[in-house]
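In what follows, structures are represented as structure tokens.
In what comes next, chain A is part of two complexes: it sits with chain B in the first one and with chain C in the second one.
On to the complex of A and B.
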């Protein structure tokens, strides 16, 4: 971890908490093509299927041959910084609050010019840089140029930190810290420099392996939280909601039945209670107060992570009702993303394939270790993405889904 | 070079009009354009019904265009154009109006560029200036055109060895010219020290490198020389005019403009060369673009701009009279009128109607326009030569 980011001073309680501002978020529809890659951490630019020309800014036709067949294609990002400036003046509040702000003009190896946010660690022009697509606080794709080589973590650069949700010095609520994934997440965010973790737990009679050790970790506070109980959620939010900077919702209910495997809707209802309505309860209780703290100093409220499932994309009939509850949760998460965006708070969705836990016992490998899921979550927070598909299964299903969702439906139904 | 283009024989440019600038105005663009039209008809001694051609440049006329203006101002022109080209709109309007007059499509064309400037106009205009600006520039710091010109200036300084003092010399000289021009918004002298010590805006640009947006209008009439004589109007001849859009799109940084592609044609049609030009009215929203115009219009070679500036003086009575009313940098940038300010000043100089600093024996004036920062560069360039009769 870099030493360049110092622990911020304690908040002055006399001062008014600033209201969140956003960078300009108006884009043409064609320019929104950048978001598709940026959401996953990929730099994708338009490439002409007919003549191979790469172009930027996004256009409605190929600038070279006028073809309309333009494919968003992953770029290397290698380029040269050809000019730069440091802005001391801006028309928009978001940047005025963060002056001075460094910008670069980069010529990519593919021969196109880009205006980018420029890493302070980049040498003066001309110098080699790597361009990445990130998400800004308005949730829009933005291009960032970093030095070619060396430690270039976004979160270690004072200005580019604005594009991350770095847990360092922040306070994190893990809604179910008792599950294997929950325990791994608690350890991972502490390792990433979180100030403290509220470890949510319900069913106090359960004492699974690893849990006593979690409870004894410094900086961990156990808090009772049952996401299926509105009163429990509201009580916790009333107690500490105004201090939570990051919510990581790991609570889930998972049973393995197809539609005909079990009569009645009780199991499905239980899954919905936790996976979908649980998220809704948490959002209603914690969301508004987090929104109000979107600009509360350097350790403002910053992100909300949902542990979903790759089954949210397309139903896996062997886990039919669980898939359905995760699809519902995804839909709620999309709405939450829209509502949190006004405060610059990022909603990150994690879509793991089967996790190596008791409910996936009968599935063949590869399965994701809980620690891998935790690493994916912390990686998303330290970086600048909003959709994460950790592991080989998730990547495979995502590729199939993007290629042909009907084909994936048939493949999963075999 | 393509076929020789027909000249602008018989075309006269007359009645230079400036509607006094204001830093901010509560009025609409229509008000400034109306004042300009009134001054044109009064100046020409004609009724507005005799204006049968209208060409308009404006950023703040929305939701109207030139069409709405006809009813707003009670005109029934048989030739109408709207030129949304910012700093190049003046030159392009002049070219089009001249052809309309030559072809008989109109007899008297009013070319008017005007804009208002409300307190928040500039931010709103830069936020959605173009699709590329909105998608790929404004979200990056929201610096407006300062950002693009900072990139260009930094690159130019690094590549060709220009120093802040070189840009400063132009700004200081223009201010000196502006002090004699009654419509300039800047009334105080500017020293090189003040220029160099001004607050940074977008490195390497400082405060006095950047135009100040304001409200105002500039206008002139285009008609046949015969008509101008019959009306008894002092007028200039149009000896040549060029325009070019999106020149050199593959240059990584805009270190040259479209003028390079067309300047030979310009001088050929005028039958003169750069050495015959008595004054240059260049587009000057930032001084680096002045440097490019001096080079690209043939007054010196590429990269020789800094040396040219060190060798010359730019006051109206200097060795290279330049932006003799003060230019936009010292008069103010009244939106699209910034692209017509130079034409109006050149017209005053070659017709002996200067309101301020006067260039002695001004026979040939070169006026240049530059407009529309779209992504990383300005897309429109134009230039015209006005000659005394």
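On to the complex of A and C.
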């Protein structure tokens, strides 16, 4: 962990808490093509199918041959810093609050020039750089250039840190810390430098393997939280909602039934109750107070992570009702993302394939270890993405979903 | 019948209400508060689950409904202090009048005896009530009359920590209850109306391993008799002489229901509450 970011002082309570500002976020429909890749951490630019030219900024037609056959294509990111400048003045509130701000012009290996946010660790031009597509606090795609080699973690650069949701020095609520994934997430965010973790747990009479050790960890405080119980969610939010910087919603209810496998709706309802309505309850209880703290100093409220499932994209009929509840949860998460965006708070959705737990016992590997899910979550917070598909299965499903959702539907239904 | 010739019950009822008013008969509430924090029954996760008590506001003098406060509730039939009807168990499924809507209402008001097993349960969470224990109790307090509730006092309701109340370890729950012989004795030899406990079931925590499994459910409901569980304040009842008012909700084909259980207790001469 870098020492370049120092622990911020405690907040001066007599000063007004600043209101969140956002970088300019108007984009044309075409320009929004960038965000498709950036959401996943990919730098995608338009490539002309007719003449092969790569172009930036995005346009309706190829600047070389006027063809409209433009395909968003993943770039190498390798390039050379051609020139640089430092802004000392801006009409944009967001940048005014963060001056001075370094910008550069990069010539990509693919032959196109980009205006980028420039990492302070980049040498003077000309110098080799890596360009990445990131998400800014408004959730829009932005380009940053980092040095080619050495420590290039965004979260370790004081300005580019704005593009991340680094858990360092932050206070994190893990909504279900008892599950295998929940336990792994608690350990991972502590390792990533979180100040403390509130470990949510319900049904205190259940003591699954590993749980006593979590309770013993330094910086971990157990808090009662049952996302199916509005009273429980509201009480916890009233007690400590104003201190939570990152919510990681690991609460999930997973049963493995097709629609004919379990008569009635009670199992499906229990899945909806946790996976969909649980998120809704948490959002209503914790969302508004987090919004108010979107600019609360160096360790402001910054992110909200939802553990969803790759089954949210397309129903896996062997786990039909669980898939349905995750699709519903994804829809709520999208709405929450729109609500939280006004405060610069990022909503990150995690879409793992089958996790190696009891409910996926009968599925063949590969299955994701709970620790791999936790790593993906922390990686998303330290980086600058909002949709994460950890593991081979999730990547495969995503590719098939993007290529032909109908084909995926048929294949999953076999 | 002439209007000036009161029915014989009228005098009794008038005496009864007077006794309530004067405190000669006290009312003891044997009911736990129905809320989301009270422990709910735990089943293996892969089988069907009873919903825990949940309460969602409809409105509270706000934009959702101007001048009124009310809630929607959801919970399993066997939640909180609740009544078990005979139809709850497979052994009682074919009996007539075995669901909450058809049970004869006369059964909802009945005398109760209280067998104090609190010391034994404190010493051993797996304590089992046996016929010998019951006979020893009878030697002091007299024979259990027919059509009477038998309440097993364990003071388990005093465990306010939900984990201690449920008392799980890796082989399951450890809570006191009747052994199979005791249930057979209470039905066959004493013709009881039902069995009531302070724990989450009428059976012991380990009763899944008894022969038959869950003997209190199996035999009681097979005989058309009833269960009460998650009772509290049993320590405020005399060993004999109390009567219970315990009518479940009239749920169509209901297997049970949360309910308010009231005990009518003759006051001791001093009028002071019992210890």
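One rule holds for everything that comes next: the second predicted complex is superposed on the first by the 414 of 414 C-alpha atoms of A that agree within 3 Å, B and C clash if a C-alpha of one lies under 4 Å from a C-alpha of the other, contacts with A are read in each partner's own complex, and residues count from 1 in each chain.
The rule is short, and it goes like this: a residue touches a chain if its C-beta (ideal position, glycine included) is under 8 Å from a C-beta of that chain, and two chains touch if they have at least 3 such contacts.
Fair warning: this is a prediction, and the values are worked out from it, not measured in the lab.
Enquirer: More residues of chain A in touch with chain C or with chain B?
Expert: Greater contact footprint in residues on chain A: B.
Enquirer: Tell me which partner A:205 touches in the superposition: chain B (first), chain C (second), both or neither.
Expert: Second partner only, chain C.
Enquirer: Is A:105 contacted by the first partner chain B, the second partner chain C, both or neither?
Expert: Only chain B is touched by A:105; chain C is not.
Enquirer: Does the superposition put A:16 against chain B (first), chain C (second), both, or neither?
Expert: The answer is neither, since A:16 touches no partner chain.
Enquirer: Have a look at where A:406 lands relative to chain B and chain C in the superposition and call it first, second, both or neither.
Expert: In the superposition, A:406 touches no partner, neither chain B nor chain C.
Enquirer: Touch test for A:87: chain B only (first), chain C only (second), both, or neither?
Expert: Only chain B is touched by A:87; chain C is not.
Enquirer: Under the stated touch criterion, which partner chain does A:232 make contact with: chain B (first), chain C (second), both, or neither?
Expert: second
Enquirer: With the two complexes superposed on chain A, say which partner A:270 touches: chain B (first), chain C (second), both, or neither.
Expert: After superposing on A, A:270 lies in contact with chain C but is clear of chain B.
Enquirer: If you look only at chain A, which of its residues touch chain B in the complex?
Expert: Checking each residue of chain A against chain B gives 23-28, 31, 56-58, 63, 82-92, 94-95, 101, 103, 105, 107, 111, 113-117, 125, 136, 138, 140, 142-143.
Enquirer: For the complex, which residues does chain C have touching chain A?
Expert: Counting only chain C, the residues touching chain A are 35-36, 39, 42, 46, 48-49, 51-52, 54-57, 161-163, 165-168.
Enquirer: Can you list the residues on chain A that touch chain C in the complex?
Expert: Residues of chain A touching chain C: 203-207, 226, 228-232, 255, 266-267, 270.
Enquirer: Please name which positions on chain B make contact with chain A in the complex.
Expert: 122-123, 126-128, 131-132, 134-144, 146-147, 150-152, 154-155, 158, 199-205, 249-250, 252-253, 375-376
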